[in-house]
Amino acid sequence: MGRSNTDGASVAASTAPGGMHDRVRTENRDAQSSRVPVDRPPLAGIKRRRWNRRTRKDTWVFVAFAAPNILLILLFTYRPLITNIYYSTLDWTLGSASATAVGIGNYVEFFSSPDASNVLGVTAIFTVTTVGGAMILGLLVALALNQRLKGRTFARAVVFAPYVLSGVGVGLVWLFIFDPTYGVLSWILRGVGQVSPQWVNDPKLALVMVTIVYVWKNLGYCAVVYLAGLQSIPTQLMEAAALDGASNVRRFLSIVVPLLSPTTFFLLITSLLSSLQAFDIIRIMTPSGNGTSTLIFDSYLQAFGSYNRAGYSAAISVVLFVGLLIMTAVQLRFVERKVHYS
Amino acid sequence: MSTETTEAPPNRDRPFSWQNLGRTIAGGYIPLLLATLVVFLPLLWMMLSSLKAPGEIVTTNLTLLPKDPNLQNYADAASTVPFARFFLNSVIVTVVGSTIKCILAVFTAYALVFVRFPFKRVIFLLILVALMVPPQVSVLPNYVLIAGMGGLNTYWGIILPGLGTAFGTFLLRQHFLTLPPAIMESAEIDGAGHWRKLWKIVVPVSVPSIATVALVTIVSEWNEYIWPLIVTDHPDMMTLPVGLTQLVNSDGSTQNWGMLMAGAVIVLLPILVIFAALQRYIVSGLTQGSVTG
Amino acid sequence: MSISLTRKHFLGLAGATLGAAAMAACAGPSTDGAGTALKTLSPDEWSKVKPASSISFMSSHPGKSRDTEVKLIEAFQAANPGIKVNLITGGSNYEEVAQKFQTAQAGSEVPDVVLASDVWWFRYAVSGAILPIDDLLKAVGVSTSDYNPGLIGDYKHSNQQWAVPYARSTPLFYFNKDHFKAAGVPERAPATWEEFAEWAPGIKEANASSSGYQNAYQYPAIAGYAGWTLQNVLWGQGGSWSKEWDITADSEASVAAMQWVQDSIVKHGWAGVSSKNAITDLQAGAVSATISSSADLAATLKAAKEANMRIGVGFLPGGSAASTQVCPTGGSGLVIASKTSPERQLAAAKFVTFMTNAQSTMALSSATGYLPVAEAADISSIVAQTPEFKTVVDQLKVTRTQDFARTFLPGGDQELAKAATKIMNEKADVKSTLTQLKGTLEGIYNKDVKPKLKA
């Protein structure tokens, strides 16, 4: 049973880092129960027939239960994905009835134009700062929340709240706050004798602006997940370390951080995926993508902005998808190794 | 567990001791208060601004509180675009969409965990990879399909393409895997079929997880922007986030920020209320997905 | 071991996706090289067509004109009881309408009448998304001479008419009279930018003490069609983005003009760039003057009145090389989609000519500040109500056709805005930025336009 179980564990563990041993055990159960009919030595005729009947029946149950969802996913996620790969080989102006096949021309153009370094650079900066920012700040907030303080349930809810809000609404509110002329931020800065930076006009600051808002929106998610990770650390461990005379910092670095690493890894992956797909806030706050053209937003702008280059846009989104896929594959490998170590 | 302390005497974290008080405040309450304010103040500003007159907003002499708080901006927003209708559309789309999605997710996850089938892992991988397809990728091809089926400006046209749920299935599968085998075995001995096992055993013990999926689904349906934007062009069929952007009128026209903030309140408030009522589930469920399984 | 397993599953996945590929409908563009030829009817044939009973009109309701559009549609339906018009919202600006219309081309349902801004109609014409309307206009008994010659002339391409003017505007110089008064300069728009440059330091100094005051002049936000209003400065100093298809963005005069713009911001420091909406900045009292569309006129004057602020308007200032004919026209026209049926197109023609007749254009003008497009329009009643409107109409006589680089090159406007951002916000070197811009624009022309211009 080794092969499939290892793999199954890796998939599950990659997505749910805590309680590894639990995880492996339950996975085994799943694997066993699903493989029983195949793996068991041949049984007496009657019994086998019953098993087969059950298996056949199960197959139908599976189809009935899972097919609607899977068909919908195939139809509205995979079909567009394939179509998109096809579009990416065309020189096609959105709105035009005809197109020219250009093979990998769009990809060549993307990677050989200055666009690529610019877009990939912005994507990298945005992703690293938002993921890093939300995770570090999230951990700090989680540490504060993990103490037995009055009102921490309330604080936890408040901190998490932006995560559930509409990116469109949040973007508008922050755009109003950041406005250099009549925004409240410029008013505060004037109060301390400063002039408001040009948040929208300066491409670098525009990126800073959307990063701040994105972190604001997602910080609570990281905090809550980290909090759960902290709470799963056995208190005896901490107390024992305290008795040994370990300082707070040392306890934090040598016990908490390593024990949190599965949580960190889970957050890293989920945050990376959502950061790379961040759209609403960027679209609302910087509609022309001045300084904020991440892969996903550039792909949108190329097709639906001023250029109408649907084929080129499709190529960019394929690049993004492949990037996400590679990241996930790396994650599969990485976590698999971690599971073996633990 | 404060991060910045370097004092030598290692004392146990007894929360209310005198030695600890100062540190608790510095390391606990202050960051907590700060984080709460950072989240709360922008939203408060939105509320306050929505109650101000245009002259109090488009000015460099800001006053924090509205001089004469009134709901004029809400009335203006509602008369510029049919906000009541947007609201209704959002409710319909969210309720129908998330109900179906949750049911599909429960069935699929159950099948993936408890029903024998040869290609389960491939199917699970298929669902996992679907999480990685950026939604923008599917906009154009799905538009062509839905428009061809006559789904523009219809509820089903808005709802259908988002129904296949990779996330919900994934989260519930992770949870079902952690259910103790014993409870399934007892049912097995009773000779219960899958239908009964699903409704009598799995669903009742998974209510918190299902609630989490439900709430995450509600949140994402309510906030969905790009697809409803593409598939609707009649104001009677737009959802709130799409309708909100209709307030931003361009060709140079003056931005009526008061009205925009009123619109933002209408979009953000309902989900905040739902969240406040049910945040326990969202938070505990997400946590469960990430740590205990 | 585990790698092979992962690969096995990925292979399985690949198999499943191939299945999905088979399901992928063959929608989308055709690649056989032969785009479907446009079917246009002869005038005789048009006369035999019966107009459809229902059409749709996709608009962004420019200048907050939704109510006006609804009223005009009601009037149209009353005059043409057999035709129902469905008003649809394509978005909140021209670009969003264009996005919707272009996306709709990929599907089966396209709107019949669409609002198309100056930078979009040509692209639609080239891609075959809209119809030439000469014969259609004849069929509904309207002549191009019924329209303002300059405004309808903008929509001519290869000797065919592609749109009728609808929500047409010019930029106007808006200024805060109180700020001008405080500086002791005349309460009028400056005749030239040189004159304003002399006033500007004084204006800034006189008002600097008021809280949050920023600049004597605010350039419109780059995202808000910077390429449009900057033509004014370029033309005034003898430059331009282009002369016909010849890109002149890097000519000596153009570089000098853009250098002047950069200096006004960086070196002299009396000008700034709006981050969202310059006219709102003016209303906030943060700046003393700006340039914005005439479409903002009614709303701006109303807001100023409420805020006890005196706002004046005037012609766009000239420059060292030209003091008149330095104002571009802009705004949008109405186009008729080609991918529908003759019945619907005929009904659409009836509708677009109704929306732009003397009475309708007056209604739109008085509600917004858009230009009256019909020759027969009598503006005296509007002027009586809003005296500033006379400036709008008078300036129309000294307008100049926009540079092709902005209006006819796909994405050209976007490239102009990018260059403007670099020069005005990032203090980039003017000459090299404009040289690079020229290269980009020529690339667009050679790739996307030249092959499609048949002689």
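A, B and C label the chains in the order they appear, each numbered from 1.
Rule of thumb we're sticking to: contacts are C-beta pairs under 8 Å (C-beta built on N, C-alpha and C of every residue); 3 or more make two chains touch, one makes a residue touch a chain.
All values derive from a computational prediction rather than experimental measurement.
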Co-neighbours of chain B and chain A - touch as defined: C
Reference chain A; chain at largest CA-centroid distance: C
Interface with the most contact pairs, given as the two chains involved: A-B
Euclidean distance of C-alpha centroids - chain A vs chain B, Å: 15
Whole-Å gap separating chain A and chain C, where each centre is the average of the chain's CA atoms: 39
Euclidean distance of C-alpha centroids - chain B vs chain C, Å: 37
Residues of chain A whose C-beta touches two or more other chains: 4, 7, 74-75, 78-79, 81, 83, 87, 94, 181-182, 187, 190
Where chain B touches two or more other chains at once, by residue number: 58-60, 121, 123, 125-126, 129, 140-141, 145, 245, 248
Residues within chain C bordering two or more other chains: 9, 16, 24-25, 27-28, 103, 106, 211-212, 276, 280, 284, 286
For the chain A and chain B complex, residues of the former touching the latter: 4, 7-8, 11-12, 15-19, 22-23, 26-27, 29-30, 33-34, 36-37, 54-55, 58-59, 61-62, 65-66, 68-81, 83-84, 87, 94, 140-141, 143-149, 151-152, 154-162, 164-170, 172-174, 176-177, 181-182, 184, 187, 190, 216, 219-221, 223-225, 227-230, 232, 238-239, 242, 245-249, 251-252, 256, 263, 266-267, 273, 276-277, 279-280, 283-284, 296, 299-300, 303, 310, 314, 317-318, 320-321, 324-325, 328
Residue ranges of chain A touching chain C (in the complex, touch as defined): 3-4, 6-7, 10, 74-75, 78-79, 81-83, 86-87, 90, 92-101, 175, 179-182, 186-187, 190, 198-203, 287-288, 290, 304-308, 329, 332-333, 336
Residue numbers on chain C that touch chain A, as the complex places them: 1-3, 5-6, 9, 16-17, 19-21, 23-25, 27-36, 95, 99, 101-103, 105-106, 119, 123-124, 127-129, 211-212, 214, 221-223, 273-276, 280-281, 284, 286-287, 410-411, 413-414, 417-418, 421, 424-426, 448
Contacting residues of chain B [partner chain C, same complex]: 54-55, 58-61, 80, 119, 121-123, 125-126, 129, 140-141, 143-148, 150, 152, 230, 233-235, 238, 245-255
Residues of chain B that touch chain A when the two form their complex: 1-3, 5-8, 10, 12-13, 15, 24, 27-29, 31-32, 35-36, 38-40, 42-43, 45-46, 49, 57-60, 62, 104-105, 107-108, 110-118, 120-121, 123-142, 145, 160-166, 169-170, 174, 177-178, 181, 194, 219, 222-223, 225-226, 240-241, 244-245, 248, 257, 260-261, 263-264, 267-268, 271-272, 275-276, 279, 282-283, 286-293
